[in-house]
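There are two complexes below, and they share chain A, which is joined by chain B in the first and by chain C in the second.
Right after this comes the complex of A and B.
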């Protein structure tokens, strides 16, 4: 706080463009642009750009928002294919085009990230170590072996869901079939309409959730649905049935159109996919966010106010079968999260705590992958990204002290940092 | 311990009473009213006096003539005080010769423990000089001629002081001119006298002169003194000026800075403690680190999910530009989220003092980082009876809306155990019970909804109804007749069911129901929470 100005001046001195600075300051203080807003031209990276045009007044160049090479080198990478991401890309953002976003992620992105995409008009994900590790494992999977389960765990706001999205993007690019459940917690709470299951009287149907999920599933995996053929005959009711050998798209259509049968349609889809991925026709990725919901408690009650356990919900029951590693030809990537979980303490983040005994035993063995807060490089990259997009408007935000303050207040937690920066 | 102790004993109560009303002469009338009441009564009458309107209303003060203490009276008080002090020392088993005022205070708090929140209302025993406001002796002689030549200015002490000061100023200027004429004039700095001390404030000066001053008078006087102190003075004048100055302690010199300690690895660390409201924290700040803070073994991000608390923790480091340079481990207990954050902040600032320069410590102190926050939760009395402007008292009623519990006590003739039956007021069978029991005192049925205690004897002669108010009842003391406010519906209901024509409420919370002529016995009702409070 006390030595801020001296630091700025010393930084300028290193780049030997004090002359430029003085000129700019003299002309810009009362000029067209408020220089507190122009964070970019005070950055050290800028001066290499301005230095080549020393004799002219650089006022005109302040209009350009083009970030220079140096800042881009920290925060962005041009490598947009997740398959080619490596250690050197850690801390950098890569771009996903909007069309790809619509097809690959009809659901599943965290809501705040969706807002950010809308604001910045671009979708950029940061490449991080846990995701890279998982990508490495996935690239080296042996599809003849049973599906390996990977569990992403970590404290709140560290980036588990976005790492999962990174993996999903990779698998989509590699032409896998993505079975993505965006948030399993949504299926165990706040369900308005619970119907008794048509298939099994003991269980309950959730038509709304199932139909929404089917719609999104269809959007994500359009091309596969016509290729995969159903291997059993399914009778929906007296008038409708699906014959053996018909494409899976029909089942999905049936589920979307007849909302009553949506849950059963989901069950059928899951069963078929599990059966057929072992045959090697396609590779299946099962991605569940908040898998600890499958073994926790629900807030749903029957008419007589007795609580419902998760296995009495048909969706959860079928999903549990999916998450078992008794099939080949794919991988299962899971996330455990406390946010949205029911009856779990705030500070719990380890798989054992969140899954409970039953869940842990079911999922055992799995590969745990810890997602932690940003390391300094990633933090720097994130801040640079925000600065480039002019998201941080505070005049101190680009200074070292400002960065230190943000670092302290958020303790390098990505979620918190994002929320803090939203106010600046 | 005959007369002197009695006087000591009597001295204490009215000093007790006075404690709240000391310091200015205009309160004398009040004291006199109290004293005249007190000399007749005992201690409980003092409490009575507190409640009676005569003391608390202001109009009676003006009506009374201003009394002044005579010199003899004050002398007698001083003698009594000294003797009383010796007796107190004897009582406490201490040596009367070396019994200081602090010992007196301690003894009084021990002998008369008081839970009153207002510290000035507690019993004190102090020298009469401190208790009785300073009075001016009679200013004129028997012939009516005043003694002082400035008496008719109205503020004789003030003007005489000004006169004296101005005389000294003239004298000093004259001397200065003489020195200049001789060529021996030299500039002498007087600043060393003035640093570390301040002028008297107006109240202190008024107290010294025993006279009321206006702001302009005071300002004039201070200007004159400053003018005097600016001139070269000799010792007598400096002593004169010194009488009107008080020393001011420099705050920061009080603060001790701990030296750095080193642990086994050679890492420098320092500890500090902090408090805020009811939270206590202890912090250990290490010299080199990456800005990690651990609280009770948990990372500070998890311990304080609220940004505001983390900003509080950031403040000392950010102020000193040392973000990310120190590691901190702290333990905290008590209080809530915000007070724990404040306590940790204070502890960290104090620990950081060992790592920084003196100037930075002074800056921190000025920023308020090293000061314990004195704010605590207000005592309940202040929240319920807030102080009002003008000192007008406010009537407070306790506990509106009582839940009345009917308790019937049968008074057995020879003191045997009584049978108690309790019934809900709204149960509807109350009237039946009453008829039964009043009519035939011998019967009670265990099957009805009242409880009977074992060992009860049915033969009773007298029936007395006791209606107890649970959770407080409302009534107006001294009222009789019909009261229609909702809080008194219980009384109304009780009266109706008891067939009482009128009722009368007396001090102490007893309600007497008077039935119609010949209808039944008169009934007494005690409501334990019925009372009226007068708030000051």
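Right after this comes the complex of A and C.
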């Protein structure tokens, strides 16, 4: 019936047996049927199976060397002291040793950066313009004047937290006392155990968060805790008290040991540091990431399901006193971020939008510093850094096409670029 | 566009899948309908051919399951960027002819999942689609990327922990690991139930290339979904399984070997196969 058709050819192609009765394209041609090969779209042979290693790029040995003979960007600098970073280091990564990382940053690094440090076995931070600007201001602070507030703001993933970490590293190297709250948003949400504060019945204690913070504070500032003496007597309960003149380390120990008193210990530490930094014994850096949490809303509720405002939390109440500029002898560096914030729209990134009226008025004379996406030089530097660490394993990622595509997909946003390169 | 009663998609070159009502033997058949000596116009011919095809199939107890809406005149879209970047001066005669011809032809719409990205990989896309549940491609794709990242990080850890000689053997490219792992999981021979004398016998049968790829991916996904501890996430489990399959160990490879052993055990029944 089907004339000339049905050439039942069992084509045993290697191990497959398929009946393919195929017609040729176009109209009736009865000649030899062009046997179409099995579709090769899934043929993995398209991609080479040899893991190509990225070309090892020579590390720049001289910072002043102008790469005239090389068209590749320099991604690293040997200048590991943040105090000496300048315009010429923009776009380059400097190394922080792992021991320093453990002491200076027991908390506060973004989680993806921590993963990167673990994977590469090294901690490299990029030198960028906003951080350099802030460093310049900090180097020229007048410690007799009240503490100046700097606010780092920018869109999501642009590098506010890591710029803050750069500043903290600089201050730690300059022997300042670092008061670093890694993420204020964590203190206003997801708190399982809220206790009524013993000091003030209206407020609430957060023992867990406070004790964790105290532990990390102790690790970061060991050497200061024995030097600073408490100027008041503090009674914890019927049996325990801290005498006037005892080192601050005792208060911190008390907070870590007795978790119920941890929040009060934090309050005492903040009060003492604020009082004593004006005396000029040490320089204080107050670094808060996500400071817009202090004036927003919380998701915490009382037993009768009524919402708690941030000022009813003892930690937040005391922290608000720290970011007021009524003390001397240091600086306050803050970050506003939408990630982790509560009841704020996703696209909001300006300080006015995120802080709200109350927060903006409290912080009012502050210096805003915009952190934006990478410029082309920084982008090249970042890609170069990943190539040097063999992080970009995909063959096409080494080519110009691949780089153009990464540029397009990430729009030079540091966070997005990091996530893209993670799986390539 | 030829608007005939059937719409523009009469399957002239139709890959028709049909099932025998009694068993589950699947045949792929493409009926060549151009061999009909019909002096009708093309569209009427198509519709008539389709009617005949359907009637023949129904006679044999076979029902059409999957067909394409595109007619035979529709060409596949050319997605490769390099094809279009070639300067016109460098084209050979055949290529220039082909380009001119394409200007007159109708082209199918490119599917949304096929991009001209340099990082696109059809195996990865297929695997992502198979992992997808309820059309949630965003979730499936994010799981896939997290898996690749997990594989990469594990291999980097291994690389840094290894000595200088071993470092050359550690493979860090997640894509090569993925491809090699799936290749290692592909069975060579499969079993097919064949009805003979009122009983179904599991007959060893050589498998098609695409069936092997499908089985490897299917086994991998099933293994990762069912046999993981309760709180373990899919990327972690999948990266673990991929790395084991890459080294030719692990439960998916075991399943492949079990399949081979059963086929070997049933080799006496190989005569039941008639194709």
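Here, the second predicted complex is superposed on the first by the 351 of 424 C-alpha atoms of A that agree within 3 Å, B and C clash if a C-alpha of one lies under 4 Å from a C-alpha of the other, contacts with A are read in each partner's own complex, and residues count from 1 in each chain.
The rule we apply is simple: a residue touches a chain if its C-beta (ideal position, glycine included) is under 8 Å from a C-beta of that chain, and two chains touch if they have at least 3 such contacts.
A quick note: this is a predicted structure, and the numbers were derived from the prediction, not measured.
K.L.:
After the superposition on A, what does A:155 contact: first (chain B), second (chain C), both or neither?
P.N.:
first
K.L.:
Check whether A:393 is in contact with chain B, with chain C, with both or with neither, and answer first, second, both or neither.
P.N.:
After superposition on chain A, A:393 lies in contact with chain C alone.
K.L.:
Touching A:401, do we find chain B (first), chain C (second), both, or neither?
P.N.:
So A:401 meets both chain B and chain C here.
K.L.:
Of the two partner chains, chain B (first) and chain C (second), which one does A:422 touch, if any: first, second, both, or neither?
P.N.:
The second partner, chain C, only.
K.L.:
Is A:144 contacted by the first partner chain B, the second partner chain C, both or neither?
P.N.:
Neither chain B nor chain C is touched by A:144.
K.L.:
With both structures superposed, pick whichever of chain B and chain C touches the larger number of chain A residues.
P.N.:
Of chain B and chain C, the partner in contact with more residues of chain A is C.
K.L.:
For A:119, decide between first (touching chain B), second (touching chain C), both and neither.
P.N.:
Only chain C; A:119 stays clear of chain B.
K.L.:
List the residues of chain A that touch chain B in one complex and chain C in the other.
P.N.:
Overlap of chain B and chain C footprints on chain A: residues 2-3, 401, 405.
K.L.:
Enumerate the contact residues on chain A facing chain B in the complex.
P.N.:
Touching chain B from chain A are residues 1-3, 155, 346-347, 401, 404-405, 407-411, 413, 416, 420.
K.L.:
Quick one: which bits of chain C touch chain A in the complex? Just the residue numbers, please.
P.N.:
Result: residues 12-13, 27-37, 72, 117-119, 121-123, 126, 145-146, 148-149, 152-153, 156-157, 160, 171-176, 179-180, 182-183, 188-189, 205-213, 275 of chain C touch chain A.
K.L.:
If we count contacts the way the header does, which residues on chain B are in touch with chain A in the complex?
P.N.:
For this pair, the touching residues of chain B are 291, 298-302, 305, 307, 310-311, 313-314, 317-319, 321, 323-324.
K.L.:
How about chain A: which of its residues touch chain C in the complex?
P.N.:
Residues 2-6, 10, 12-25, 27-30, 33, 38-39, 41-42, 44, 46-47, 49-52, 115, 119-121, 390, 393-394, 396-397, 399, 401-402, 405, 422-424 of chain A touch chain C in their complex.
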